[in-house]
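Paired with chain B in one complex and with chain C in the other, chain A is shared by the two complexes that follow.
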Partner chain A sequence: MTSIVIRRRLYAAAFAFMASGALATSAAAADAYPAQGEQAETGVRRLSQEQYRNIIADVFGPTIKVGGRFEPDIRRDGLLAVGASAVSVTASGLEQYDQIARSVASQVVSEQHRDALIPCKPAKANAPDDKCAKQFLSEAGRLLYRRPLTQTELAARVKVANDSAKTLKNFYAGLGNSLSTMLVSPLFLFRHDVAEADPAHPGKFRLDGYSKASQLSFFLWDSAPDPVLLAAAEKGELHTADGLNQQVDRMLASPRLKSGVRAFFTDMLSYDLFPTLAKDAMLFPKYSSRVAADAQEQTLRTLADHLVTRKGDYRDIFTTGKTFLTPQLASIYGVPLPTTDGGWQPYEFKEGDPRAGLISQISFAALHSHPGRSSPTLRGKAIRTSLLCQKVPDPPGNVNFTAVQDTSNPNLKTARERLNAHATEAMCTGCHKLVDPIGLAMETFDSAGSFRTTENGAQIDTTGSLDGKDFTDAAGLARALHDSSAATSCVVDRVYAYAMGRSPARGEKELLDQFKKDFAANGYRFPDLMRRIATSDAASRVGQPQMGARSSPKSSQLASQTSATENSQ
Partner chain B sequence: MFDSTQSGARTRRGAKAALSLATSLIALTGVWASAQAAETRSFVVSYFYDANYSDGKTDCPNGMNMSSIDFYRRDLLRVGLSKEKVEEALKDFPGEGGLSQPWVPLVMTRGNGKDNVYTNPETAPDPGLITVSGKHSYGFNLDGKSGKNDFIEPDTKQTGIDNQMYRVMGCVRSYRGLPPPGRPSLVENLWDVLRDVAPAWIISVSSQDSLSKDGDVTITFTRALERITRDASGAAAQADMTYQMDPDKRSHNVMKGKIKNGVVTVDKPHEFHMIFDPYMMAEYNLTKAQMRLELKADGTARGYIGGYLPWRDFFYSIANQGHIKEYATSIDVPGLYYALKRNADADPDPKTKENRRISAAYQIEAVRAFVVDPAASQTADAAQR
Partner chain C sequence: MIPMHHVKRRSVLRGVMGGAAVSVGLPYLDCFLNTNGTALAATGTQLPTRFGTWFWGLGLNPGRWEPKDEGKMTEMGIELQPLNAYKDRMNVFSGLKAFLDGKPLQVHTSGANAILTGSVPRGQASLPSIDTIVADAIGTQTRFRSLEAASAGNATHSQSRRSGAVVNPAEVSPAALYTRIFGAEFQDPNASTFTPDPAVMARRSALSAVIEDRKSFEKTLGAADKARLDEYFTSLRSLEQQLDLQLKKPAPLEACTKPADAAETPVGTEIEMVKANHKIFAGLLAHALACGQTRVINMAFTDSTSSLRKAGGHQTHHEYSHEEPVDAVLGYQPTMAWFFGEVMTSFAYFLDQLDGIKEGDRTLLDRTLIMTGTDHGYAKLHGIENIPVFTVGGANGRVKTGLHFRAVGDTVSRIGLTVQQAMGVPVSTWGTESNQTSKPFADMLA
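Up next is the complex of A and B:
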């Protein structure tokens, strides 16, 4: 069983910012360590930007705009979802969250939205109304915190609304102020895994119902639990096999599953790097920010269509010619695409076309290239690390890259020639043997993803091998990936880590091996893999929480600090 | 055919056209020629503008035409306004507020003091625009003759070039320009603005054989249903985008021609129609049109089209915006009227003997594109059913 790491210090750190700042002191006080019997937190994960946006859209509707910059995420073991367990909120980050929260709250209580989003009307618009405030805050709070608010929490929120409404002589402004404090609360910004004693297995612990609901929902839908799932959690249904299966089946059948699948691949394929990806407009005039957005969407759309809509074999993502294009993407692919509205069209690259599957798409070729030239090394490394879950060491700090970077050398016209010259240096040879033979197969795609057969007038040699399997071009490499057991093994490891928010532990090898066998037995159907993990005992089993953490001196000190701060307001 | 200055002229457009797909990337038309070796290359027009050869050395030895404030001052004094009144009217020239500016009603009626000179240019006397007296101009020998009013083509050295439009406009500062990397003219800038809102123009060159061989070709110049898409540089049209032919036949031009050493020319003069935008030119309606287009190895195409244009159409493309275009571009509208009338060189009116058309030429810059004929697709669909 995995040893439990108490993430309380992260919670406390975020709490400390709030407690020490003037921005949200009331919120901090309201969240001060709710007592829930024998329960204890076993981990926290900060919401991703997309999850934040999804929750706001789910709770308040898509017309509420979420602007501003979010705290940067950290990638751990190949996934941001794993890094989410290791990040806190910085002081400047909290300011950003506060700004976003105030913007969201003001929109929710605005004249445009209040009738639709607030379930009651105050007796007087220019005075507090605790009854109406309580109704709204308890309903919204349940969805935002992914569990019902405790009486203490709710009372504190209502008090914030009351005090603000009195001061501002405006019920809605007061309500908005209270809502904004909820949105900067660690209870909203962080997912909390709460453990409880498992009555069916004395001496063992499991996630409580609400934590389980969150785990399912963020895993399958990339958002907070909906009211149906929360109701199932409240009734304890998620602790029964039937109840759990029923909810997982419902969620897998929902169109929202595509959001979950897209979120997973956005993470696995490192699309967080796209905002900083640039191409030299003189060299690659077809590549633009629009193309960058479309390229990601193309891949995600293709994956969602293949894996969810068509329930296709995961391995075929490496070889399928079926995809979706916009006119701008078609321009780079060099294919005609008549459209009536300039939007997305289904498109299929025919058998034998150099475009085969994921690695031949612009998103992959462009993301793992330099601004002015392609990079067999970056592409090979991306295949090894992202798609095969293999480790590739970073280059040493004193490497001389001159030979590789000089694309104008008349004696080294192609990337293969330049890399051969570079890799003669002993310190470079080892890693390049790992990545270059596969990266060079993709040299027929330039830095922007356009197809080419020559570089500087010289024919490009795309022969290579992947773990003993020879190929002659990118399509051959794609076929080798399709047939690679490492590729299917990797995605199982990644999906499990993504769902759990942590890398698989050594003791879980047997469990993962079983998942992999089941994945193969089910024809490598991705939703079946998600179901298998979501309904596994491992997904809800936790080790023994360190119950003493709740009453640690530091925690007590923080609680006192927040109360004192609130009293001083 | 084209000198090195022009063939290296990508810099102003800020884009380097890369031949990424070599010969395999032949643009489509709706219907492929049946012969195995048949080839069609299609392009979208990135730029289309007056072909002026304003080298600044030999073209206007008599100087440039006046700026608008200067010819306004001249004309207002001529109609009898005192110097003080003229200066008072022009003291904030051009100012803001449109018609409320004091100089506007004065210059609008600077012919006889009451009629609008933009609709009645003959109410003002001919100021005598300075016209081009240099020897060189882009364009074509439209009449097959070589006379004293004809130019020499600067690249091909062909004589007898008819381009009286350039003669009239070439010494107006805003119309002076050169192909890239030379300076752009006003018209090029207008095209740059309008192409984002106007339909794209597409050219297809088809041969029953490979276009790398000399032989007969069919050239189609037509309007698209889509607008162009700019590339990342923002200056040129993005290559390899897909365009659908506008089924409206009014701007559908099909010309027979030849390709030799990669340069396409038409066999015989054609009528050419291009319904465009009133802000620049409502319609390019050319008679005896000729075309020369070089299909470049980098996938772009570059060349000229020329013919005889109704000079009044051009005049009203300027005059219809009244004082706004006149003051902004420093085109003396009554002066333009007289210059066009005086230099028109074709299509004499049977009664008045006055020429109604003027020779003109336009630059074409195009990038590779896919072109689909929706009508042909529909036909194919129907056949399949």
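Up next is the complex of A and C:
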């Protein structure tokens, strides 16, 4: 690479996006602000499992299977996309990447696929062929590395192909070996931003064209740039406003935008927790891993349909009755579907139905519950942290929870009664005030997301309030979320952090305020928000903004959000 | 002392590079080290020392596990009864605590961090866990630097980490762990024939191209990113080493037998499922040690907020810890006691697997040191005082056993320091802030 290489530096400290200053009181909040002079690098991000899969499908087609276990991602500041800037590859993780890579490579060079995927034929199948190896590796390499290979890089890969072909007396096995080393290379597994001098601002730096292309495509499509975008990068078009807008328009109009939007919400809504979510089979016989998968798909489909296809108002995701169901989900929701052919069908919950919007869906109710019972505390906390970007402090030490939820106590039949008994303890009241009035409104949904009106024979009281707004049930809570400025502010912060792979820095508050204003002015259209961020200067800036050496403890709420969590109650 | 000739490594390289390409054998320290114990065995010295950790969540019921007497144990507390067969081959530590130094308590993690990393971090930054430190000292020449398994179905239950963000993921499927260790790439040390696989040779040489990719990253990489890339390349080196070992005929290991194939099993948090998977993991890990595949194993029976549950139960082990009242008559939480009984019985089963493998005149357990980890001394109140920790095994005669060390108010990191010294890590002080200690349990070191 010939471009000048300077890291994109930004201070780790995120500033607060607290809707309510009252939440910013925890001592834990001070945890994550960096020591003086400590800086966070944002330039190297590990591909997510989904991005890996998407790239393989884009480059080699969907018939190539990607099997195996991926290294777990780490959530930081509410997003795996931010954690991707902190993780590396462990020895056992690399072992797995190596296995996956060898399996992908052997499929690509197999007799079944080689004619379609390798653009040339070797002179002899049992010997090296320099020319054909070079052609395939430079073309595939450009897509996998999201930039052309340097002469040295290409020569090294061709040599591997040739040497291996000689050892194994097989051109294709040699080529597969070389491809496999590309797939385990840090140049593939990590996104690596490269900076170059910015002619428009002498003395400053910007992302080079290819890094910008990756920034756009991982953000909007959750995958590597396609050939058209790479070509635009190569020609320098992404450095002009026209060229950039043209590409972003094209990407927003593509059906692949839905993959990008789904990937964002999969991250924001913590769907990575689903594979290890347990529900007791005796208590919830209808719940299964299939139902869990369908429940996620229901929400993602609904979001993609509402936000992308219908270009709907973001706030309506909390209240819309329009969704999609499978017969299995319909049976848990207890509603009839027009046909029972097993596929996805549109369905609309009517006005007044307790099922209104995101939080009433099985995916939300079930994910934030215990294996054997619902949890107002977990649900309230999830709404605060995931949907409103607020911090709920961990419970303090030395708390006696015995009064909390002794389900066998005949006097404490409902979760509300049990929690009230517990929250009379002064040290507990503070946090429970934050989460319980929200979570208790959702008590009509059990641990697996089924609707109920009673618990242990007692009527469930679903009244509550969100930041001063009273409601009588989950639908009322949904309306309060719809009208909450914290909810729209939160999604802007999250989308920006997701795109950049880091939490917003202190010096970016004005910028984010502007994004928020524009989001409102455009009727809270999600693709417009993505466009605004994708085409902003911030997205291609390097070494900005200039900031003080240290943020105040109060300003590190987001950064400390993912500290150890206690999930009792 | 023989005076050294002043020929520097670098000038040797320069001389070579200036002329024709020849292969030069530079002194390679690792070649003096024993790769699988048999070199030593052949010369009559002992088989290698191994290390392991065994982690469970929520501690034990206070007052029900501590041995009666200090020093030589005559009787352990009731909740340790499942381990009675190992009383004379284990050590129990009581009274030890984690110091927060004004940092907020991170419930269920601060205590575990103090035991396993000698430090209570702020936020997620974390120092390396003790098993990775020991592995770097004793495990660099085996196929796997360490092996991690978690029996409650979640790869992130692993407590083994090189830093806060570099956590060695645990295998959650016994069948997958079996394939990883004893699948097609396993070289049986006792096989009569050996033919290096040309495909492995080709893969091994291909990896050199990946090492070259380092150059494509920027020279001015920031410290954090540089460390992450370094971690990647350390992992790459492990991968190369695995392939190197596959190309060499392994020296015979008398105690090594290839275990029977592990079938796919259901994975989850229901306690019978967890126990069944743990049993298979225990057997596989013991065999991996005996077959020279690794010297360090890490078993996470549960995570710290133990999600164990009985089939059909409304509450998990963790929920019980906080919500079950202390029985007025018994004076403890009875359901918790039941869970702890299950946990300690499983730990005994784990030890049985190691003890069931004969290596020369002793058992594998005698050549191993297992250290336990947990999160709280009294989970009900998130207490981090009097955290129960044990070591089991003789570490090849390097530690004395059958002892109870009571050190009320001392930092729990004293155990980790002692263990490192027993395993030959050259360290005299370990831990940070008030959890820093220079005081090993000297009476444990042989």
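Everything that follows uses one rule, which is that the second predicted complex is superposed on the first by the 490 of 569 C-alpha atoms of A that agree within 3 Å, B and C clash if a C-alpha of one lies under 4 Å from a C-alpha of the other, contacts with A are read in each partner's own complex, and residues count from 1 in each chain.
As a working rule, a contact is a pair of C-beta atoms (placed from the backbone, for glycine too) under 8 Å apart; a residue touches a chain by one contact, two chains touch by 3 or more.
Everything quoted here is computed from the prediction, not taken from an experiment.
Asks: Once the shared chain is lined up, is A:Arg315 touching chain B (first), chain C (second), both, or neither of them?
Replies: neither
Asks: Looking at chain A, does chain B or chain C touch a larger number of its residues?
Replies: Touched residues of chain A are more numerous for C.
Asks: Check the residue A:Pro336 against both partner chains and state whether it touches chain B (first), chain C (second), both, or neither.
Replies: After superposition on chain A, A:Pro336 lies in contact with chain B alone.
Asks: Tell me the contact category for A:Phe451 with respect to chain B and chain C: first, second, both or neither.
Replies: A:Phe451 sits against chain B, while chain C stays out of touch.
Asks: Touching A:Leu94, do we find chain B (first), chain C (second), both, or neither?
Replies: second
Asks: Just checking: does A:Gly372 make contact with chain B only, chain C only, both, or neither of them? Give me first, second, both or neither.
Replies: Only chain C; A:Gly372 stays clear of chain B.
Asks: Where does A:Asn177 make contact in the superposed view: on chain B (first), on chain C (second), on both, or on neither?
Replies: second
Asks: So, does A:Pro327 touch the first partner chain B, the second partner chain C, both, or neither?
Replies: Only chain B is touched by A:Pro327; chain C is not.
Asks: So, does A:Arg301 touch the first partner chain B, the second partner chain C, both, or neither?
Replies: So A:Arg301 meets neither chain B nor chain C here.
Asks: Just to be sure I read the superposition right, which of the two partners does A:Leu283 touch: chain B = first, chain C = second, or both, or neither?
Replies: After superposition on chain A, A:Leu283 lies in contact with both partners, chain B and chain C.
Asks: Hey, what residues of chain A end up touching chain B and chain C alike?
Replies: Shared contact residues on chain A (touching chain B in one complex, chain C in the other): 281-283.
Asks: Per the contact definition, I'd like the list of chain B residues that touch chain A in the complex.
Replies: The touching residues are 14-18, 20-22, 25, 27-28, 226, 229, 231-233, 236, 238-242, 244, 370, 372, 374, 377.
Asks: Can you tell me which positions in chain A touch chain C when the two form their complex?
Replies: Counting only chain A, the residues touching chain C are 1, 5-7, 9, 26-28, 30-32, 39-41, 43-44, 69, 71-72, 74, 76, 83, 86-95, 98, 102, 150, 152-153, 156-157, 159-160, 163-164, 167-168, 173-174, 177-178, 180-181, 184-187, 189-190, 192, 194, 276, 278, 280-283, 370-373, 394-402, 404-407, 559-560, 562-564, 566-569.
Asks: Once bound in the complex, which stretches of chain A touch chain B?
Replies: 279, 281-288, 327-328, 330-332, 334-339, 342, 446, 450-454
Asks: Could you list, by residue number, the parts of chain C that touch chain A in their complex?
Replies: 103-110, 122-124, 144-145, 148, 153-156, 162, 164-169, 176, 180, 198-199, 201-203, 205-210, 212-225, 227-229, 231-236, 238-239, 242, 268-270, 305, 307, 309, 311-316, 318-319, 322-326, 380-384
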